[in-house]
Structure formats: structure tokens, C-alpha cells
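Chain naming follows the written order as A, B, C and D, and within any one chain the residues start at number 1.
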Amino acid sequence: MPILATPFHADESLDTESLGRLVRFVAGLGVDGVTVLGVLGESNRLSDANREAAIRAAVAAAGKTPVIVGVSHPGTQATIDLAKMAGSLGASAVMVAPSAEGVPNDERVFEYFRRVGAGSPVPIVAQDHPASTAVHMGVPLLARIAREIPSVMGIKLEAVPTPPKLRAVRTAMGDRPLRITTGLGALYGLFDLEAGSDGFNTGFAFPEVLQAMVAAARDGDWARARALYTRFLPLIVFEQQPGVAVRKEILRRRGLLSDATVRHPGAGLPAGYAEQLTTLIESILPGVDLRVPLAGL
Amino acid sequence: MPILATPFHADESLDTESLGRLVRFVAGLGVDGVTVLGVLGESNRLSDANREAAIRAAVAAAGKTPVIVGVSHPGTQATIDLAKMAGSLGASAVMVAPSAEGVPNDERVFEYFRRVGAGSPVPIVAQDHPASTAVHMGVPLLARIAREIPSVMGIKLEAVPTPPKLRAVRTAMGDRPLRITTGLGALYGLFDLEAGSDGFNTGFAFPEVLQAMVAAARDGDWARARALYTRFLPLIVFEQQPGVAVRKEILRRRGLLSDATVRHPGAGLPAGYAEQLTTLIESILPGVDLRVPLAGL
Amino acid sequence: MPILATPFHADESLDTESLGRLVRFVAGLGVDGVTVLGVLGESNRLSDANREAAIRAAVAAAGKTPVIVGVSHPGTQATIDLAKMAGSLGASAVMVAPSAEGVPNDERVFEYFRRVGAGSPVPIVAQDHPASTAVHMGVPLLARIAREIPSVMGIKLEAVPTPPKLRAVRTAMGDRPLRITTGLGALYGLFDLEAGSDGFNTGFAFPEVLQAMVAAARDGDWARARALYTRFLPLIVFEQQPGVAVRKEILRRRGLLSDATVRHPGAGLPAGYAEQLTTLIESILPGVDLRVPLAGL
Amino acid sequence: MPILATPFHADESLDTESLGRLVRFVAGLGVDGVTVLGVLGESNRLSDANREAAIRAAVAAAGKTPVIVGVSHPGTQATIDLAKMAGSLGASAVMVAPSAEGVPNDERVFEYFRRVGAGSPVPIVAQDHPASTAVHMGVPLLARIAREIPSVMGIKLEAVPTPPKLRAVRTAMGDRPLRITTGLGALYGLFDLEAGSDGFNTGFAFPEVLQAMVAAARDGDWARARALYTRFLPLIVFEQQPGVAVRKEILRRRGLLSDATVRHPGAGLPAGYAEQLTTLIESILPGVDLRVPLAGL
């Protein structure tokens, strides 16, 4: 379930045409779903009108592939409003992360998910990403959310170190075995799979690589999973540096985005990165046409 | 220029009737302007549709009193979109604070204000409130914003300690002497006035007290300013505790809000506070009818 | 139990003579104990050798008055080492606050207190001060620390808002009714006493005022407690601004410190504060000799 | 210049014997220097007496290899005290990072380095590591430190993204071309070298790999540098997860530490990691004896 960047034109206006192209490309890979308006989808830089237009474009392009929409908002009621909008526009699920309050309070985080779960017309994926939310959800809290809120259909675990937390949450959920995915640009992808991750829910610009890793892990072919991870890890590391500019530049080179623009105040591509990226991609994928799905992984 | 709470019904829906009442009450005090959708107006818990409804209600009720609208947003373009909406609905100005990026960067904060200043149809008040933004704007940055962005008409200074920063910004602005106001619930009100503050831009539930303090300071009657501050300081301190629940409860007791509800995940009135508040108000304002403007200050 | 500033000479070397004078003055007020090397005692800017010299000087000057020593340290074993040093030098108790780890973890915070409780030769005061520690201890965790660690003799509660937390901790401690004190420069002093605080453990430069407030509260004379609070609150507010420079300047004016120097990188007295302080003290204590304990409170 | 872990016995007491073994092993690799008591040397969990013992042991074992000692401390004077201790015990240099104050202030950070530079008897390496210090030093500040403080002999750059910052600092330093090294467990090692890094100053448990990468880069043999990076990157990624437990476990397996104990409240090796580590090392270094320096890199 790749997380998609939100494309903008050079003037920072929403580029729904590129978004449609990106959705079609990824859906064409045969993924389980596509996620739009996540953290690295720059969702927090969008107006509600932007969000609506992006959801419309994504749903229209996705065909039968489910569309998951990030709807996290500092206000609980506003999160529900966004979930309703997403549902009414054809989203299959929403992804939700809590907001930090001055005083951390597990009860209030649980209540956030409970209310959103009750108010959302579609199932929710609970996201645990303290790097962006500053909310640290312990294993008991995550397990309680999983057990007691029926509309929570999965957990996206992005709290480092992920492997031990993944094992602990899996055990604590007990008789409600939800799907647990991991993200963080697949930085710890091999180790997450070893720890029992069900797959990736992240934005690496070559989702077909992650698909192949998951397939290898499911086949028990760890040598192949490891080889894929090792081969692409330099690119994963380079891409997951702070900001979304590198990822957008790769997607541009893949012919999916017309422009790699990041909305202000997000940072653009740092000086020197275009060259480093060219060298890096050429070393990993020599002579390969990036505009078509990678073959033979 | 009092900052107004955003009233909600018990079910957390927007209460535009109470908002209108609140605006009329405050405008009736003869203030220089009213500010809606600030940080303690729970603006970050509102959908864009909620914001629009609140602005409409405030402008309709304000009559000739200028309405300032908080439009801060993590995205620069979205801030401009909100400023345009506010302007088109009749706001006289907007209040803007920057958002924290992973790496603090003065240039990007300046660029945020520059773009918003260029894109907003109405003047802007630049807000310096690190407690909510996590952005620390130094004196040179604030002075540069003041000097180089023509649509910035004032600064709201809320970075503790405020008195020395106020003096330093005043000096650094040089030949563009903007209005500098302070906030923080007037906690440091007397000291801010001594340091040259032009007045208050904050949400203390008895704005007439702050009006009287400013008037006394302008008259050079510091004994009176100090007496007012000392008399009401226990209430100022009690009210500025984290969250907006105490303030809303006082406004409810003043007959301005139908309900003191705070939107989730904001905290409601803590246990024991209703009683402490009753005792406190009775000790400071014995037998006074809170529903009318305080007289004889 | 006042918390004492750590005096330095103008060259930032430790001024044990002033420290002795300060301890004798405060002990002479008949307080229950004096605390040295707290957060505002700049303890984190001291070498272990400085700490040892400061403890020696304080114990020597305190006579029969118990000396409590702040020994918080990011390492658990190092905290124990400091507690042993304090105990061997004659301290009666130690004050301990936890350090933030990357991932908040109640179990690890409890274990910190458990180990320190087991290793310290003297009783401990558990400090809850998220503003300096970035550790948010919930009511259940504090109650567990109180119930299960025998050497914990008291809690210093400084997590805003303090009144409701104080009530909740008191209830949750159940059958082990420890002494709960509050701090924060007495900013919320009246409200803390109303909520059942046992007294102050803070550094306001006029500890005799806080003594008088506690005495009034114990007598049930709330009118007197409120009058004292209201009278001195402007000074309390002015003093509790970030940094310890204002407090040290007042202590200097009281003849207790030879010099108001704050150790780098702490901030010195901001420009304009000396004058504001003179005006403020003169308005509250006109013509009073600050060098002797305030009489007639 | 590898950064060494600080070894502890199972009871958390300092293990100077293991430290000596570790120093001899690394010095035997022919490195330019060894660094002790860095952030991942758990220096903040040590008493000053522990520090002294560790420095003595390291200097005694290092022979002619220079020993660099981390001496960062929240207090400027205490940093100088530690630098003097390190110098008197035979250290060749000290490594220094600033501490966060409530209000970020470039002038105060510069003054910190200026005073330490003036007071330290040995040269200093200025460390830029916001992940642990919460201090964000901009390029102009770093360049000013480099240009104006003669005893600053190098910069350790660990502020992500490192490659563009490294280029910018290099340019800004102008005519005082200090050595700039990078760290972060070598996560971005290839990209840092491409951007002009002079080498590594980090704690990866196979420093001979980083030596080989630097040598390859100096020879212009980027294919070899890339191959080394790609081969070991899964281990680099696994090891640089938060905490130092994984690194200590590898060093234990290399026969260098008697025990992998991390001082409380640091986290121990997470469940499942021993097995993942075994699999990972076996896949990268099949059948290799870890107890001797890796050959044929």
C-alpha cells in the first residue's frame, strides 16, 4: 500500500493530472491499495479544498484499487469531518494519527481513536509515527485501540525501533490479529519483515521493490528478500532523508510527476543532490528505463 | 484587541449565536478591534468550513469594529488561501504565526511572512508565540519582517521574557514604528506596559480590565495601572493555566457563551476548578453582576 | 522548604561564603528544611567537585535544619553516586527527578526511582517537573512510586495545572499519605494550598511570605492567605520569568549574595529589569529594609 | 577516528579492562585517533570520577594514537573543567557540543565555544548533533566558530541532511579549511564522502570498513567505496537504531567487551535482536572470525 506524494505545479498549485498518473502507475503494479494525503503527502500544507480535489482525482484514477486517505487533524471533530468527506468521495479507508497535546494522556489518545472510529463511515488505519506526531503510543494503548475499536482495521507502525515493537504489539493484540504494516521509507524493511510485518505502507519511489521483498518473505525466500534490500538500501537511505524533495525528484524522473515542487515551507532538492541521485541510480539500475515498472526483481 | 474564544455547543458544533453575542459585548466596550480564530480560539481544531462560518458570524456582529482573523497554517499557500477567505468575508486584518520545520531556518520564516504579506488582501499582524509554534524568532528576524514587509502592520509579542524583547524589537525596527502588542493572557501585563507595549492582544475574560490598564498607562498613572494589575492578577494567573477551559467557563458565567465546551482533544474544566473560580471571583468582585461590563475600574 | 540559588562570584567560581549566609538566613526563618542544588540552583552547570563543596557549605551553615540536596542525573547509577555523596556529607534527604529518554517509558522511570530509592542512604523527594525534565509522569505512576518505594518521603509537584493533579495524586496514593509540596516559584501558590498542598518547595526570594501563607492556610484563615498572595503576586510573577537572574538579583539586594552572577550559558539580568524591580519592590514593600526578614506579614 | 563505547560490567560499574582492549584494537587498525566519552559513549550517565578513570584507561592503552575526549556539559565552566582534566590526563583533543537553552541564541552558542576554546589546554572538535543537543547551528554560526576560535581544529557534522550542510560549511569557512568529519553511525557514509567529508568520527562496530571506504574515496575509487557501503549498509542501518545496545553486542561478539551492558536508563538489547544480528552478520560476513580485524576489504 504505497503512500503517494502530492504533486504540485511549479507555482505550488495542486497537479491532479500528475496525481492521477501516479495513482494509475502504482495501481497497475497490483498493490493492495494506495494511500494519499499522508504526512509525506504534505497533507498538512493543504486546504480542505485541496484535499477534496486530491481525493477525487485519486479515486477516479484508482479504478478497483482501494484508496486510503490520510485525515489526521489536531481536532477530533475535524478528523471525523475529513473522514466523512473521504468516505463520501469513494475512499475505502482512512489513515489516522493522533496529535500531541501539552500533557501526554493515553486516555485522550484512545478517545480520539474511539470517536473517529465511531464517526468515520469507512475503516481506519491507526498510524504510530512519533517523529511527526510527537505522540508516543505504548504497546498497551495500541493493543487497546486494536481490540476495542471495531473500525480499526490495521496499524501502521513507525516508532523506532520497529521490530521489537511490532512483535510486542502482535502479541498484545491477542485474538484480534489486525494487519500491521511498517513505513519509514522502508529503512528497516528487511528487519520489519523478519519481525512479522505484513508489508509496507510507505512512500519509497520504487514500490515494486517493496512488493518483491514482501513476496520473497511470504515465500520464505529470505536470501532473495535480503538481496533486494541490500541492493536498494543505498537508495532507500538517500531517499528517506528529511523532507520529500528527493522522493519527488525520483518520481519526476520516473515520468510520474510533471514537477518535483515541494510546497513552501518545505525544502526543495538540496544543492548537489541531483548529481548524487543520478550517480546512485545509475549504479543500482544501470541503463534501466525508470519510466516503466522495474522488471526481473 | 481582545482575542475571542470560539464557542461550541455541548455536542462540539460551532455556536455562532454565542460568538455573535461575544463579539457584540466586546465591541461594545470600545476596543480597537476583535480577534477571532487565534490559538486559544481553538482554530487548529476547526475545519475550513467552520472557519468560514465563524468569520461570517464575527464580521456580522462586529459592526464598525475591525475584525482580525487568525489564519496561521503549516502551509504557506494554505495560509494565503485562508487570508483571502478572511478578506473576502470582511476581515480587516489577519494574524499570522509561522510553523516549525524540522530544521529552524530564519530565511524560510521570513519567506513565509513575505509570501503571506504579498498574497493577503488585508494587513497582517505577525505573532511571535514560541509556546505554541516552537518557532523562536530572534530580534533581527522580527525587525526585518517589520521593515521589509509593508503589509505587516503590527507585532504580537509573546516570547518570554517579553519586556526585554519588546524593548529590543522596538529599537531594532528603527524608522518603521509598528504597533507592538503583548498577550499571554496578560500575565506580564504591567511589566509589558512599562516596557512600552502598545496594548494587549489577548483573551483574558475581562477585557475591560486590560482596557483600563492601558488607559492608565497612557495617562502615566502607573499607580492605577499597578493597582488594577495587582487586584486582578490572581484571576489572570488562574485563567492562563494551560487550556482554554477556565476562560470559557468565565465567559459562560458572564452570559456570553451558552456552553463552556472545549473541542476534543482539548481538556475540559478540571475537577475542583468551578469551586475555586467561584471563590476567587467573589473575593475580587464581591457581589458584582458579571453579565455587564465592569464599572468603576 | 525553600530552594536556594547557588551563589557565584563574578568570575563564576562557587561562592560558598554567600551560600552559607543564604542558608543561615533561611534556616533562621524556622523553615522545615533547605534545598540546595535544585534546577534553579543551576545544579546542571556544576562539576561534581562544585557539588561537593556546595553541599559541605550548606550542611555546615544549616545547623539543625535539614538539608535536602538535588541529585538528579541522566544516569541512574550516577544519581545514586551523588545521593551517597550527599548522605555522607550530612544531607538529610535528596531530591530526584527523572531524565527523558528518547521513548517515554513509565516502567523505566519507575525503575529509576526504585534503584535510587534502594541505593540512596537518605530519603528521597520525587520531583515532577516536566518543564525541565520533559518527562510527563501520570498520576498512576506517581502513586505507584509513592506506594512501592519506601524511601520516597514526599512528592514535589510542578506539572501544570497543579491543583487538579495534586488532588488526583493525593487520592491515588491511598494509604501512604506522603507530603506533597508545590513549586514553580509559587505562581499558583494560593490555588495549590486550596487544593491541599502541604507547602512550598520553591525558590521565591521572600520565603517568609510563603511561610506566612502556609500558616494562614493551616489556620483556615483563607482571607489572610489570599491577601498575602495578592499582595506579592506581581513580584512572584516577575521573579518566575525564565532563568534565575531576577531571583539572584533580589537575593543580592537582600544582602544574601555578594554577586548576582548566573553561570554561562544562563542569561544574566535583562536590560531594564533592575529598574522595573526597584519600582516593583518599592510599590509592594515601601521603605522596607530587605536585609532583614519581613515582619508583620 | 572511531568513537568508542564505554564498557560496563554486568553490575554497571566501569570496565576499564575492556576499554583498554577496545582502544588497543582500534588503535591497532592505524586510525588517526580514538574518541572516548561521546554521546554513544554514554558520557552523560557517568560521574566525573567515572570520566577520569575512563580517560586514564584510554590514554594508557592508546600508545601514540591520539585520544579525543568528549567533554560536553550543560555548564560552560564545567566543560572547561572537564577539558582541563582531559588535557592533564594526556588527551590530545576534546570534542564539544553545545547545550540547549530555553531560547535558542546563536550568540550564546558562539560564546560557549569561545570560552571553551580559550580555557581548554588542548584543541577542540566542535560537534553539530542536533538529535542529541536540540541545538540547531546554522552554517554561518559554524563558519564563525571555525574562523574565529583558533583552538577549534575540526567540525563533526551530524545534522541531517549532512551532504548539503557539509558543502555549505566548507564554502563558508573560507580560508580556514578545517577537517570536517561526519558521524551518525555512517548511515549516510557514501553520500558524505561524495560531498567532501574528510572521514568518519563515529562508532560503527567495524571501523575497518569505514577506513577502507575513506581510503577508496581518497583514491578516487568510487566503485569500491560504493561496494563497501552497499555491502555493509544493512548492518550500519541495524546498528544505528536508537540506543547503543546493538553496537555493544557486536563489540562483545568481536571479543572486545566482556559484557554488552548499557547503563540504566538506557535500553538493553531488544527481544529478537540477538537472532536478527546473528543472521545479518552471517549473511554479510559468512564464516568470518569477528575477533580479528576484517581482512581483504
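One rule holds in what follows: contacts are C-beta pairs under 8 Å (C-beta built on N, C-alpha and C of every residue); 3 or more make two chains touch, one makes a residue touch a chain.
Fair warning: this is a prediction, and the values are worked out from it, not measured in the lab.
Counting every residue number used by either copy at the chain A-chain D contact, over half are found in both chains. Note: the chain lying farthest from chain D is B, by mean C-alpha position. When the C-beta contacts at B-C and at C-D are tallied, the pair with the greater total is C-D. Centres computed as Cα averages put chain C at a distance of 37 Å from chain D.
Note on chain placement: the centre of chain B and the centre of chain C lie 33 Å apart, centres being C-alpha means.
Among the residues of chain A, those in touch with two or more other chains are 103, 242-243.
Those residues of chain B lying in contact with chain A across their complex are 12, 42, 44-50, 73-78, 81-82, 98-99, 101-103, 108-109, 111-112, 115, 242-243, 263-267.
On the chain B side of its complex with chain D, the touching residues are 103-106, 130, 136, 138, 159.
The touching residues of chain D, when paired with chain A in their complex, are 160-161, 163-164, 167-168, 187-188, 190-191, 194-195, 223, 226, 229-231, 233-234, 237-238, 241-243, 270-273, 276, 279, 283.
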